[in-house]
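By letter and in written order, the chains are A, B, C and D; residue numbering begins at 1 in each of them.
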Amino acid sequence: MKIGKVTVPRTAIATSDEHTIVVRGRDLSRDLIGKVSFVEHFFLLLTGRMPTAGQAEVLNATLVAIAEHGLVPSVQAARMTFAAAPDAMQGAVAAGILGCGSVVLGSSETAGRLFSEIDARVQAGAALDDAALAAMKDWRTAGRAIPGYGHPQHKERDERVGALFGVARHAGTDLRFVAIAEAAETLLAQVLNKDLKLNVSGAIPAVLLGAGFPLQALKGVPILARTAGLIAHLYEEIEQPIGFALSYQATREMVYEGVLPEGFGKHP
Amino acid sequence: MKIGKVTVPRTAIATSDEHTIVVRGRDLSRDLIGKVSFVEHFFLLLTGRMPTAGQAEVLNATLVAIAEHGLVPSVQAARMTFAAAPDAMQGAVAAGILGCGSVVLGSSETAGRLFSEIDARVQAGAALDDAALAAMKDWRTAGRAIPGYGHPQHKERDERVGALFGVARHAGTDLRFVAIAEAAETLLAQVLNKDLKLNVSGAIPAVLLGAGFPLQALKGVPILARTAGLIAHLYEEIEQPIGFALSYQATREMVYEGVLPEGFGKHP
Amino acid sequence: MKIGKVTVPRTAIATSDEHTIVVRGRDLSRDLIGKVSFVEHFFLLLTGRMPTAGQAEVLNATLVAIAEHGLVPSVQAARMTFAAAPDAMQGAVAAGILGCGSVVLGSSETAGRLFSEIDARVQAGAALDDAALAAMKDWRTAGRAIPGYGHPQHKERDERVGALFGVARHAGTDLRFVAIAEAAETLLAQVLNKDLKLNVSGAIPAVLLGAGFPLQALKGVPILARTAGLIAHLYEEIEQPIGFALSYQATREMVYEGVLPEGFGKHP
Amino acid sequence: MKIGKVTVPRTAIATSDEHTIVVRGRDLSRDLIGKVSFVEHFFLLLTGRMPTAGQAEVLNATLVAIAEHGLVPSVQAARMTFAAAPDAMQGAVAAGILGCGSVVLGSSETAGRLFSEIDARVQAGAALDDAALAAMKDWRTAGRAIPGYGHPQHKERDERVGALFGVARHAGTDLRFVAIAEAAETLLAQVLNKDLKLNVSGAIPAVLLGAGFPLQALKGVPILARTAGLIAHLYEEIEQPIGFALSYQATREMVYEGVLPEGFGKHP
């Protein structure tokens, strides 16, 4: 069935013949394997350009920062799934990735959109603080949450934020989105009436946008990073299974709020 | 509900308090962000040990080798899924990862098992060729395919194989699984009556097992690598959509083999 | 980690002890197995109430209407995934379901939201046509597509629409959302400047909302229905594999738009 | 890329033109919508034949039996996923389905394979008890678990088993796989040295194989049934969120077994 107008598939990422796999114009076996790191390769795949050392440094740091945070919901989902379907590691990874949504891990991309809107106002001549305040007020008026600030566990500024900003300074990449993120952090209390600090999902776009990482691909960073963490957890699950223990604990205090049929619990 | 005997979840990967995230005994913000690459971090997450430079070199090379091969089935599945559900990049990545199964990308792990069996025979005193032949014959007797050899497109030895073996030699990691993979390649014709060459799914465990990567986690390497490729394709899909074009092309020559109800195709 | 305020899980759907599984207040083995159809059970699970005969008739009809439409993108994704990972049928079904997104199958729910907004205006005293026109104009002003109208293949009104409306009339369920859907169909040309007819994703909420099906669960109808179709396709895939043929066809006319390294295609 | 020999996709399930959708030889809008139940439609999609009343009765009963069992691991995974990614119900359903694996829900298919092997021995002339004992011993010799018996919660025979067998007797479908399942239940203690009773995953193939349901599609029954249950849980999750509460409870007694960096927990 024809859906839409495009009927011929086009791609600029890769092609191959019997002898050679071409990735972004390079011969994969000759020019890339053993010559570039996986993270440089990821940047190349995404943008078509090899990253500078500074860009690669920043991208590495963000992936390290977000890869792992213990037995969080997506890890639990993955380990429970693996316990039930141990033949299909790919299914358990997929279950974990499916939790990279708008509430928990997807806010990197949304925060990146906010910072880009602020940046556009600045590029158009506004002062940074005015731009930040106006953009945040617009978001609130439209009923949208301000992404990238606050954390259920880290009430002060998440220590990963400072670490990432330090890396960006060291790497020499563009710091203007860091300035935007910090301006918005200072002004946020005027918009929300509570004092929330930058979290890791705010810091990631702040450093990545300045490193030339595409806004629309930001959601890919937590997805790729968490995949690494999920694989580590699934390997641990093979060695020391806890998937069903997590599930057991989760419902120990479960309250059933429905009706019970007559005789339930009174079995002879 | 209690399933199995373990009721308390245990992990050695990560923990945290309000201030500090601990990953494999390190303070994430102080010791890891900006200090280690994402691939070193992946190795650390998985094994609890920081890789040597050689181990990291080999792991990087395998991830680069398997990340991308053009519009393969899993990429098509992901791009079609994203075209239909553009709000959920994580869902499209998950759809692509679900194709990392036993037939296409999972054979790295199976090949690793074969090589480990051969290695165990060698450790027990057998000559390499005898060990390889005996293990392959056992697999065939049990009705199992020999994984890691042959490719639908690359009839000669896939060029990625030589590139990966070159990296392993340069990196100075243990080469005994490379020797095993090559011995099995030479002897394979005696077992299969056809001459198949090592493919990338055979080369990956050959170099990774020698670099201290755990056998049971091998399936994670194509999963992580392909996640990077999938994200690049989904970003391209946002910029230049072909998901529905792929689907349209796929069925242009479709043959319906069922019955047709009377009057079908004769609408006035 | 504590996310949000709720810490005790509660559910009204089911509980069990060693002897009895309770579903929505009924003893599953005594009151439901063999006593109710699967579709009645689904309605009960969802709403806590057993459907009337008319409600069950309408729900059955919508599930039948949307279960299958040939080798559409989500079916292709599922069959390709199964070809690559044949040990994990659940993974292939999941890949297919992940395509039930906002563009292709999720519009049932969005159309239901539009019809509910129109209904609210009517309940508040507006004439039906005024309410429909005002709501559609509001959606367009907010930059939203009008869901439930138009189909890439069925340019006239999709025949499933009339069939579903006929079922609703026969079943005696509330027809007011059918009237809303038809009023909007008539007025749509004033909003869009093109004449689109009701499609099956518009007809489904039109009949289901009148049958007491909850608005927020509408997306579940195409998901459940397609799961049945996907299982049929995966069973056919076992018997007659076409997953890789679909993938091969999809890229026969593929255009690579990137650079080629020197010497590509000129292998000796 | 060409993988395998088939290059033209063929299907006997459905086709369509601009006016008519054909499903298994029927005009969907004229012959099926409003004329057949969803479960009859599922049987038709799968087998190409309309089920008898008895076959539909049995299939309905199995789907009802397995659709729901409270906050089991796959439901927890789905609700956690939905809490994190509330915009993508399809992703949360997919996460739940991915837990329909070999350990928890997939054993219906494996049990069906065991019963079919026993049946083949009986068709070849063996006495039922001899056939059952020999097949089970073969499975144990091959290191395989005997599927379809035992349940972590229901130590006596799961009440759903008797209910399903009662439906099969009432429906008048072939009872020979019920006889096989019960013979194996009686003899199992001789093979395992523990006395396990038939569970619902054993009862499902016992009644479905006798109702003409294809062995290779058995895994689809728990998948379809659980999809209904998952949708109900996700609708409840919208109304009363517990996804994060489940995750919080799951780790309250979590033990971190790794090293702690100096100063952890002693923040000023």
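One rule holds for everything that comes next: contacts are C-beta pairs under 8 Å (C-beta built on N, C-alpha and C of every residue); 3 or more make two chains touch, one makes a residue touch a chain.
Just so you know, these numbers come straight off a predicted model, no measurement behind them.
Minimum number of contact steps separating subunit B from subunit D: 1. By number of C-beta pairs in contact, C-D leads over the other of B-C and C-D. Taking each chain's centre as the average of its CA atoms, subunit C and subunit D sit 22 Å apart.
Mean C-alpha positions place subunit A and subunit C at a centre distance of 28 Å. With centres taken as mean Cα positions, subunit C sits 34 Å from subunit B. Multi-chain contact residues of subunit C (touching two or more other chains) are listed as 1-4, 8-16, 18-20, 30, 69-73, 83, 85, 87-88, 90-91, 94-95, 98-101, 104, 106, 153, 244, 246-247, 249-251, 253-254.
By the touch criterion given at the top, residues 1-4, 8-15, 17-20, 22, 24-27, 30-31, 48, 69-70, 72-73, 85, 87-88, 90-91, 94, 104, 152-153, 250-251, 253-261, 264-265, 267 of subunit B touch subunit D in their complex.
Taken together, the subunit A residues at the contact with subunit B in this complex read 1-4, 6-16, 18-21, 23, 28-30, 32-34, 36-39, 41-42, 45-46, 57, 59-61, 63-65, 67-71, 83, 88-91, 93-95, 97-101, 106, 153-156, 159-160, 162-164, 166-167, 170, 214, 216-217, 219-220, 223-225, 227-229, 231-236, 238-242, 244-249, 251. Within the complex formed with subunit D, the subunit A residues making contact are 1, 16, 70-74, 76-77, 80-81, 83-88, 91-92, 94-95, 98-106, 243-244, 246-247, 249-254.
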